[in-house]
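Here come two complexes built around subunit A, the first alongside subunit B, the second alongside subunit C.
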Partner chain A sequence: MAFCTGCSLLCDDIEVDFDGAKVKRTMNLCRKGRAHYDSLRVDRLAPAVDGSAASIDEAISKAGELLAGAEKLLLFGWGNSTLAAQQAGIGLAKKLGSVIDDPSSYSQGLITEKILAGDLPSCTFDDVRNFADVSIFWGDDPSSSHPRHLSRFSYFPRGEKRQRGYEEDREAIVIDVRKSPTAQIAADGFFKIPPGGDAEFAEALMATLGGKIPKVEDKKRMLNLGTKLRKAKFGVIFTGLGLAHSMGGDLDAFFSLVGKLNELSRFSVIPTLGDYNTRGFNQNLFDETGSVNSVSFADGVAHGPEFGIAKYLDSCDAVMVVGADPVAALPAPLTKLLSGIPMVAVNSHRTLTTDAAKVTIPIGVAGLEVGGSALRTDGVKVDFDAVVKSDYLPDVEVIERIMEAV
Partner chain B sequence: MVSVMEVYQLLPKTNCKKCGLPTCMAFAVELLGKRKAIEDCTPLVEEPKYEKKLAGLRELMAPILSADATETGMVIHPEKCYGCGNCVVACPVNVANDPKGTAIGRGPVSRKAILVVEDGVVKCVNLDECRRFGPNKVLCNACIVTCPSKAIEFI
Partner chain C sequence: MTGKEVTVVTYRGIFQEVEEALGMYSDGYRDQSALIDLDGSDAKALGVETGKPVLLENGSGKVVVVAKVSEDPHPGVAFMPASPWSAQLLSGEVGGGGLLELKRFRANVSFAEGAVTSIEEIRERIGAD
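Let's look at the complex of A and B:
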């Protein structure tokens, strides 16, 4: 059995046959996962300094030089790193007194932080499979982003108290701005909202649960939804980027709705995170500092939106990006800013970010070429071993060697 | 999915009985069940006035008679499939045959599963276990309605 680190579901029932480094046949791997396995032979990163090829030792010592000389350093990424590498990264940030951040600062960090702090109820995917009778996908389209989400955990499978699975025992509700593939599966459970209408929908639903008539077009449907949620025995809300981006930094309407739902019944929240170990980084940094992202070690421990990548890029003079591709993900003005800053990129593959970097250091793909452990998006720890031999260094070793070089 | 009426409309509708069946409607049913061939309807093939109907019928029947279609009429479009495995987990036969695998959302551990995800896309094996197979078939559609990308259809 092999593992897949293609997304944050960390599927563990994969069968794969290799022919050398080439993947011959895979079983149970979704299309995204298959592409992840196939990518082992495509577009791999080579060590380079200033655009010309270098040995890995040279690249690491140059990276050490660059980081040590920086006044205001940002360590960014970490979603595609193993738990050990993330801990080493936090150690490096402490040693250098730098800022450390990950993509959750502009996505679902707020939700994860509330869950880790115990303010927002959450549960594991196994609980969902065994007990959940209502699955709400809010601004979330796992059919496209995490293909096996619905079939492994959230809707189709049979569980201890849900023996009849999706046919009778489970209900899927999708709240989204478009009829996504997930919404097509939910059919009647799809609620279409206008872009940016999430807070309004949450307030209308809150009013419905409070026994008032909601101020929406289709009142009857909303009242039916309210009744359904009231009767739910174990509800789960899967949140996606749609919810986080639509509400910006103000998710209060959503949090108070979850609070209200928990007065009436039991509802948990599980964020659907993109990178395979975003949850792991959030947990590691939370254990260390009490915040999940945007932390500065410059003067003790400080946390705030000014230390998120979106704001901090203005003032920083060096960046190290580990296992992420901010040049592809951020809006154009920030990308422009980022590409002008001296950058060290640590990644398994060539990306737009590594193209813009001064120093590039390749690593092995976790779960395929190197072992390690990670946290699934629901917070369950998964340990994996390498399934194919390779000469690439594990990410933790690279970070530790950079630390020595500094 | 092709209906009997669509096939019937493209037959001569003379009930000539040359195919050995009492009516053209009966022939349409047999044709759709692949128990008769288009050539068994001799007037349709031989008489020039039915030329258009014959061409239409061949076009209509092409996907059903093609090698892509399995005996239950299931066609999988691999280019549309995400490999999500919804159909694998939803298939009632998979669930009954594989309680420790597909029934609880994991990959199949039993050799009797009908649908499996191989190389990132769904594949049909053990066709004879399908509820649509054989004379006592049930018109089950669990694998179609659960597909987010419409990669499975029955013809």
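Let's look at the complex of A and C:
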């Protein structure tokens, strides 16, 4: 069996036959996973320095020179890197006294950090499949972002204590601003909220669970939801970017609600993280520093929003981006800033970020061309081997060679 | 500035994810990203139909994308795939809770005659070329 590193579900039941680098036949890949496999032949990154083709050795040497000469260096990305590459990256940050950060600093890092600190209950997908009778998708549309989420774990499958699956044993509730594909599956379980209305919804639900009349338009529906959650044997809340961003990063209302639910029943939280190994980076950095992102090693270990990419770009003088495309994702004022800073980009494919970089270094696609390990979005570790021959270097080897070069 | 001001919320769509994996410089990625889902009554007021170009503009920037009229009503709110196109309209400001605002912004929508903004144009604007 092969793995798919197309998203953080890390599906481990993939069958695939290749004709060279071309995919000939597959089983169990979702549409997104198939595109991930097909991408092996599309827009691959080549080594380059200052826009001119270079050898991989020249690119690594130039990268080492650029990083060593920086006074305020940011190492960013890491969600699409193996655990070993992430650990090497943290080692590089310590060696250079630099700042290290990942996209969780502007997405779900706060939720993941609470889980890793033991302040927010979580569980594995196996627990979900076997025991969960209520799945809540909050600002989260895994049917689009993680297409096999509902079929493998959270809604459709039969499990140890859920033999009748979604037909009788499991209920899906979606809280979202948009009738997403996941909301369409939930049908009557869809609660549409206005943009920015998540905190108000959480507070209304909290009031309901506390026996009060909620201050919402459809009181009866909210009271029914409260009764359903109170009676749940094991509920799981899957969180998406929509929740974190709607609350502007202040998730106290959500955390209080989870606490209340656990006074009445048993509820866990699993963040639906985008890149295949975001959870791995967060775990690695947390183990090293006690924080999941935005860490500076300039003077011991320091953590704070000033070391997140959104703030640190104002002052840094060099950036290395590994396995991420912040130029495509960040607001234009920040990407303009980033594009003007000397940058090393390590990636398997060409992106807007690699186009903006002074030095580009290609790597193999983990799980397809090179082996490694990663943590699934629920924290379960998986090890994968390469399934197709490739001359690309593994990401960990590139980071270690850069470390030698500096 | 004529047109209508709406709240835009971004999302990730499966077809966009597929096209992104297959190359973000492709026509397919542009077609799945340079899009805005408009409420039916808002689209009618603007004289816009599905498939027509619209200009999105605010203090941060402007882009031309393709309109898609939603079946479900959501007046005053529009939805757009998160992409380099939507990123042109984000301010880069940090919200009250300390999180960079990435999913929501206000923008004026108006009928456009020009072509959809290309990713090459965006790349040039942000100095990534």
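By our rule, the second predicted complex is superposed on the first by the 406 of 406 C-alpha atoms of A that agree within 3 Å, B and C clash if a C-alpha of one lies under 4 Å from a C-alpha of the other, contacts with A are read in each partner's own complex, and residues count from 1 in each chain.
To be clear about the criterion, a residue touches a chain if its C-beta (ideal position, glycine included) is under 8 Å from a C-beta of that chain, and two chains touch if they have at least 3 such contacts.
None of these values were measured; they are calculated from a predicted model.
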item: Clash or fit, subunit B versus subunit C on superposed subunit A; value: fit
item: Included angle at subunit A between vectors to subunit C and subunit B, based on C-alpha centres and rounded to the nearest 10 degrees; value: 70
item: Touching partner for A:S143 - first (subunit B), second (subunit C), both, neither; value: both
item: First, second, both or neither for A:I213, with subunit B first and subunit C second; value: neither
item: Partner chain(s) touched by A:I185 [first = subunit B, second = subunit C, both, neither]; value: first
item: Contacts of A:A21 with subunit B and subunit C, given as first, second, both or neither; value: neither
item: Touched partner set for A:P157, first subunit B, second subunit C, both or neither; value: first
item: Partner chain(s) touched by A:G248 [first = subunit B, second = subunit C, both, neither]; value: second
item: Contacts of A:V380 with subunit B and subunit C, given as first, second, both or neither; value: neither
item: Which of subunit B and subunit C A:A117 touches, first, second, both or neither; value: neither
item: Superposition-derived comparison: subunit B or subunit C, residues of subunit A touched; value: C
item: Subunit B versus subunit C as contact partner of A:V301, first or second or both or neither; value: neither
item: Shortest CA-CA distance in Å separating subunit B from subunit C in the superposed model; value: 7
item: Residues of subunit A contacting subunit B in one complex and subunit C in the other; value: 31-32, 34-35, 143-144, 147, 181
item: Subunit B residues touching subunit A - in the complex, by the definition given at the top; value: 81-86, 88-90, 95, 103-108, 116-121, 146, 148-149
item: List of subunit A residues in touch with subunit C within their complex; value: 6, 31-32, 34-36, 38-39, 42-43, 105-107, 141, 143-145, 147, 177-181, 194-196, 241-242, 244-251, 305, 308, 310-311, 325, 327-336, 339-340, 349-353, 355-356
item: In the complex with subunit B, residue positions of subunit A that touch it; value: 13-15, 25-35, 129, 143-144, 147-148, 150-153, 156-159, 165-166, 181-182, 184-185
item: List of subunit C residues in touch with subunit A within their complex; value: 7, 9, 11-14, 17-19, 21-25, 60-61, 72, 74, 77, 79, 82-84, 87-92, 94-104, 119, 122-123, 125-129
